[in-house]
Each structure stands twice: as C-alpha cells, then as structure tokens.
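Step one of this worksheet: look at the structure below.
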C-alpha cells in the first residue's frame, strides 16, 4: 500500500507531525503535558519519603505513560513516509530511548532510571511551539562550537595529557597516606582542580603538594580562558558574517547592516 | 480636582521626584540616608549578639522607618499625575515591597526579613545622583543581555536538561549510600559541579562516579564558555552600534556606521 | 640651596632614579636583591619551624633591611627636584609603606607582618629593567579596566544588592541551625556561591535552601559572563584603536595596519 | 659514512619518520598502540588492588616497552640526517624523557612514575595522523598565547604580588588557631580563593577574615576576566589576520585585509 493511496496516514501525519490544524495543536499540547508528567514521576519515585508510600501508583503511572509513548512511537513510524529515516533521525532515537528503559526494567531492575532520558523529549517543545527562531539561535551556538571543534579537540587533548602528568606527579608527592591512593584518583583530583570545581574531598597536605596545586590552579586560570576565547571569537565572527552578505548594485561594496535599504557609501537603493 | 489646578501637588512633585531645586536635593539626600540605615538595622537585628540585646530599640527604629516610607509612598501617589502608572512602574513596585513586610510581620512573625528588599531602593541612588551615564551603562549591559535572551534561553534549557539526565545517572551510580539520596539531590549536585562551585558536601565515592564527575566537570568547563561568549559578542556589537551617534539630516534616523557617507534608510548624504 | 647649584644631588639622582650609568645599574640590581630578600625574611619568620629557631637572626636582618630602605627613602627625597610630588607619587607611597611597619612594630607587636607590602616594591623591577613595553601592556589592561569602570561599578553595585537580598532569604530558609547564623554570614555564603568559589564550610541542608542555592549558582554562571564580556570588548576596542590612527595622504582613508607602508585602498605611499 | 651513501638509513627514515608508505603507516600504528599501552601500565601499577597482585607482570611489561622505546630512539638518531638537531627538538626531548625514568628507577626506586611523561608522546598522534590542520589550530592557540605573553606576564606578576599581600594579611587576621599557620599556607589559601577553586580545607572563621575573603573573591571574579579578555581579543585578531590569504602579485607578501585593493607593502594593485 503506497503512502499516497492512504489518506488516513496523511491525516495521521498532519495530526502528529504538524501544528497548523486544531487537532495537531491539541495533540502537541497533550504530548508536552505527558512528557513533563512522566519525568516528574521518575523524579518523585527516587525520593525516599514519596517513593516508599506511593510506589504502586507511581509504577502504574509510569507503565501507562510508557504504553502511551510506545503507541505514539508506532503511530509515528506508520504516519511517516520513510519510517527508517525517521527511526534514525535525532528525534526518532530520543523517542525510542524514552520507552526502552521501562520495558527493560521488567527484566533488569533499576534500568527504569534511564527514563529521565525522556527529558530530552522536551526538546520537541521548541519544535512544537514553532520557535524556529530559538532553533536558529541554538544553531548559532552549535555552529560556533562546530566551527571550533578542531581547536576544542586540540585543547581537550592537551588538558587530558596535563591531567595524566599532574596526576602522576601528585601521586608521587602526596601518596596514599593523604588520600591520593592511585594515579586515577590523582587524575580525578587534577580535573577537580583544573576546572576550578574544588570539592575539597582530596586536597594536598604536604608543602610540595600545595606548591604544585598552586601552579595547577594558576594554570587552570589561564586554561579556562582558552575555550571562552575560542567560542567568543567564533560567535563574534558568526555575527559578523550574518550582517554583511548584500552587495550594493551601484558601487558593489558590501558590509551593509541588515536593516539598511540604501547603500551607505553611494546612497543607491539596495 | 485636576492636577493642573493644585499647585501644591506640583510643588510636591518637584521636591519628591526631581533633584534640581534645593528642597529636592535635601529630600533625596535624606532618603538615601534612611534607606541605608533601614537596611543596616535589619542586618544588625539578625546578629545574635546585637539582636538579643537591642531587640526593642531595633524594632522601634524599623517601625519608624516603615511609617516614614509609607508616608513617602502615599505622598508619591498623591504627587504624581497618574498614580496607577507609578504604582505599576519598576520603582513603584519596589517602593511598595519595601514597606509591606513590616506591616505583614505584625501578623506573620519572620516576614520582616523580607525587608532587605529595601536594599533595592538603593537603585534610586543612581537616579538621584543624576548619574544618567551610569544608567546608560546599565542600559548597555541589560541591552546586551536582552539582545541575547533567546540564546540564553536555549542555553539554560539545555543546561537544565543536562542537569536532570546527569542527576539521574549519578543517583543510579552512587546511590543513597554515598549521600545521593534522591534525583533532586543528585540534580543539586550536578548544578554545583557544572557551575564549578563545588561545595564538597556531596562528592562521588565510587570509581565510576568519579569518572562521570570528571566528564561533567570538563563539560562544565566548555559550557561556561558559552554565556561568556554570548554576552561578549553582544557587548562588542553594542559598542560597534554605539559609535554611530550621527542622525540623518533628511530622515532623522540614527544608527549609521562610522564609515557611512549616505543614510542607509533614505540614501541622503550625511 | 637650589637644585641646580648642587651637582651631588644631580649625581645622586642619576644613580638612584636612572639606569643608564654603570653605578645606576649596580644600584638597581642591589635594590632588587634587597627587596626580594626582605620579603623572603618576613615569609620565613611566619613559619613555625623556622621562625622559632632563627627568631633573633631574622629580626636583625629585618631591622637591617628597614634601616637600608629608610636611608634609601631619605636619599630619594633629597635627590629628587620636588620631594613632595615624589612622596605623593605611587612609588613614593609604596616606598614609605615598606618601611613604616617595622618602626611601628617596635611599639605595636605584630605590625611587622604588614612588611609584605614590600612585595609591591618589586613593581620597580619592571621600571628598572627598562621593560617599558611591559608597562605599556599593563597600561592597556588598566586602560581597559578604567574605560569600563562605570560598567564595572554598576555591575558591582548590582552584585552587592543581590548578595544582601540572597543572604537575607537564605538566613530565613536555613537559619542558625544549619550554620547560617546571621545575615552577614549568609551574605558571606552568597558571595562564596556567586563567585563559584564554594568552600563548603556553609552549604544548604533543606530542600528549599538547595533550590535557592541552585538558582544562585546558575545566576552566578550568567553573572560571571558580564565582567569578562566588559573587559574583552574593551581590550578588543583598545586593539582596534591602536591599529588605525594613520590616514592615507592621497585618499585620506584610515584603518591601515601598523606595518603598512602603502595605502591599501589607493596604493599611495604612507 | 655519509647519509646519501647509505640507502638503508634513507629507508629507515621513510619507515620511522614518514607515513606515506605502507611500512611507515604500520610502524606508526604500532607506535601509538605501544605508547597508549605503556601509559596504561604505569597507571594500573599505581592502583593498590591491581598493582599488588600483578606487580611482576607489570614490571616486565614496563621493561619491555622501555627496551622497545630505547631501540626506537636509537634508530631515530641513526635514521635522521642530523642526529643532534633531532635530539634537541621538542619531539626528541620527549622521546628521551619517555625512556630515562625506567632506567633511573633501577637505581632510584619511585622514579618510574615519571614514566607518565610518556603520555606526551601521544602528541605524535597528531603528527602521525597527518592532522596538520589540527596542528595549525594548535598553532593559532599557541600563537594567541605567545602574542599576549607580555600581557600575561604583567598579569601573573600582579596576581603573585596580590597573593603575597593577601596571604600576609590573612595570616595576621586568622592566625595559626584557624589553620592559617604560616604565610606560605595563607598564600596557598589565597591562590585557592582567587582562582575560585575553593577546596574548603582552609576557610576564614573570624568576621574580619570572612570580610577580607569576600573582597578577595569579588577581586578574583574581576581578575578572572582579564586572561579571558586577553586570549579572546588575540584570537579574534588572529582570526582577522587569518582571513587574508591573498599574496601580492608584485612582492609576494601576505597578510592583507579583506577590503584591501592595493598591497600595503609595495602599493601594487591586488
């Protein structure tokens, strides 16, 4: 049965994937409520005082939402022209990950906490609310990150190499007696310090350890400037590109603002 | 009785809202002193050693300031041409919030700590001291923040979604035995870690937990670069826009680039 | 006795204030050694293991350096043409602050720890080593900070107002039972949190307190972006200004690089 | 024996230093595996549970890798045209440092932890994978850091001077009773605070100490903006410079702005 010959599939597509009709908007609103409610249920279940008293009710609600989302997932597969390309898309994978954990938890206890992945379904809100402008802003940010992904790789690799070397040094200096009981633990400490998080669950006790820690902290100070600098210069450049694409038809010069209607150099209409 | 026909209301307006006459300046100076003093009193009252000894005196002083500010608020309502639009304005709401808590505390004990909202009245200082330049600087900052509010919304939503997912994962890995006794607690931990605050009241104990924490910290490292990049590129752009104070002689509009020789809106020579 | 009629004062001036002659360079080198040594002595004295054993020797060394610096200070006053303007200058005040504490400590015990102010004398090193380029770099930084001092004032005032309001709220929520025993203590906590330092000596225990703390942390995340944005946009602007002062003699356009020898628009020699 | 007259040395050079032939690629892949494995072994050895049980095996594996790397180092010296200039190069020094510790540890126990320096050998990966683009990105970052090294020196010196002065003040205010038992310890605290790491192993207990700490934290807030601003403005400038890939047809020099129509060095039309 071809897609064109089944009007009910087209109708389903309109309701589920679009938000222009009244039925579509109602469906989307109900979906958002369900997503938020299902995440809240998982969170509530984890709280001792609430989880122990309402365990049965919460479990039933979770199952209900899972059945609902499973039906929705199947309907989406049916409604869409190319089911496989939907199943492989970003939203398709999230929609699947949102239902798998409950079914898994019937076999593996504990697996249902992965249900919080459902929160990612909230990303649909942006789409549903037609906030495409918001999506384009997200695009600017991810674009800036993508444009600087090589700089960020080099940066991350350097940081990781530093973490291993600093971790090994600190393990030698402080040793298991002061809590630095292996190189991995010391590496964890050096990440905690370089990122300026500083829990304080591990901290140097010897003078030499404190000296090295001080150097690491000042290094972290300098290092934190690098990703900020990279992202900022990308964002500034993205803004620059966004503003100046139009050339004047009279003098041919570029660099006009988005709201310009006349060339700022020769006064010709743009 | 119309506003125009009552010269005493106009006189009152000059004294309370303006700072050009001597009476107006005296009023403003007295107001600043009262605001600072009333905030200091609330702070002092909270200190055990001082609060217990001078409780009566502090209470009386607080009541005195509240009566004073209430009178001032009523006078402002009377003096202004459109009382309702003042009452709804930013300063009008702050002026009201500065007096409500004391009256409330006569019924609800403890409510008077909200009095510290009075500190916001200090914002009047900028206005009073005619530091309009300072206000324009504040305008540049808030303008930059407003211009990037969509980017910031997308960013905050992404961070919150991350916080829920990381919180659920950490709850599974570490569990109540290591202090992560519910998903909300774990979410609190992931905010503490992502923002690089790192109290250390909760910290991972298992190797897997430390590994996830390390990833979260390096993620926080990268994430902190994003708001900085957004604000910086907005401020840099605002500075660029700020350079062009020249108005077009033909259409009167502003916002031209420094190198513009023709108005970008109507094409007239600048 | 006039300045011109005393060649020995001019000779003294050359030795002490300039570094072009051999005597001047020797004097400067000796001065740097003395400054570093005197700071090291104060630091060593504070260390229990060293301070208790060598107390006498360290005290004598400290007195010797103080006498030396006092003589130097008097000589500077004598050598300079306008003693009062030297005494009031940045370096003049530092030179005085470097000797006062020891003399004070003969009366007030403990005052000699202020001697570490001597470290500021090290700023002379930049001057002595004729690293004027370094000074100009420092000038760029301080210039950027000065240009943005109004933005920074507005920012700091807003942060302080936030600190008072958050402190009062947290005092009400957590209270003395959880360590928040007065509004000043709570204000200290909110500074520790907003700046992302996060000692962990105070941390929220109640769910509501953790919720407020989370909001404060994310706020701190956003707020930290503001000073960075301000300084960065000033530095970028300073760089822009530094590069483009020269106008082409043929076409009159600006914006040439520092190393340009021909106008990039018309090709005329600059 | 000259380099040209020994075809086997040229063959060796192709295999070891280049990655165009099949033998070269195989050699490089094997090398990366060995480097990663040797670092993992050192890390595993430090873990109590693993190190105590497999001590002998790990020691033998470490010796094997060291012998391997020593052979490789000697072969590199032989294969290269100018052995001394290789030995002094960045990679040459790292290659040597990667083997010295094991040989040293036969004499000095514990020295073999320096083996983690081997991780730096991983930098070869970038080279091996022909990711020259990645290297050029690294070049942009290090270039930005180098261009701002004077600003960074001034900045670091100022921070260190602040650290000494703040450390001495805090030592006086809090004293050994609250853990600040010497000026170096206080200096460590002020670095922990200024960099916003905030372990919490040391924190002020007295009201005056908390006040000073608050000032230091807000100072740290402002200070952290400076390196970020420096690096960002350098990266933005580097990006600006990077846009101009056009070489002058007359003099062949690069570095022209995007809007240049004439070479800024010789004035020829571009």
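Should a chain be cited, it is by its letter among A, B, C and D, assigned in written order, with residues numbered from 1 in that chain.
Following the convention adopted for this analysis, a contact is a pair of C-beta atoms (placed from the backbone, for glycine too) under 8 Å apart; a residue touches a chain by one contact, two chains touch by 3 or more.
Just so you know, these numbers come straight off a predicted model, no measurement behind them.
When the C-beta pairs in contact are tallied for A-D and for C-D, the bigger tally goes to C-D.
Separating the centre of chain C from that of chain D, both taken as means of CA atoms, is a distance of 29 Å. Those residues of chain B in touch with two or more other chains are numbered 184, 196-200, 224, 228, 230, 232, 236.
If each chain is drawn as a node and touching chains are joined, the picture has every node linked to every other.
Contacts from chain C toward chain D in the complex involve residues 39, 42-43, 46-48, 110, 113-117, 119-120, 122-123, 126, 133-134, 137-138, 140-141, 144, 152, 156, 159, 184-185, 187-188, 191-192, 195-201, 224, 227-228, 230-232, 234-236, 239, 255-257, 259-269.
For chain B in complex with chain A, the touching residues are 150-151, 153-155, 157-158, 161, 164-165, 167-169, 171-172, 176, 181-184, 193, 196-200, 203, 207, 210-211, 213-214, 217-218, 220-222, 224-226, 228-230, 232-233, 236-237, 255-257, 259-269.
Residues of chain A touching chain C in their complex: 196-200, 228, 232.
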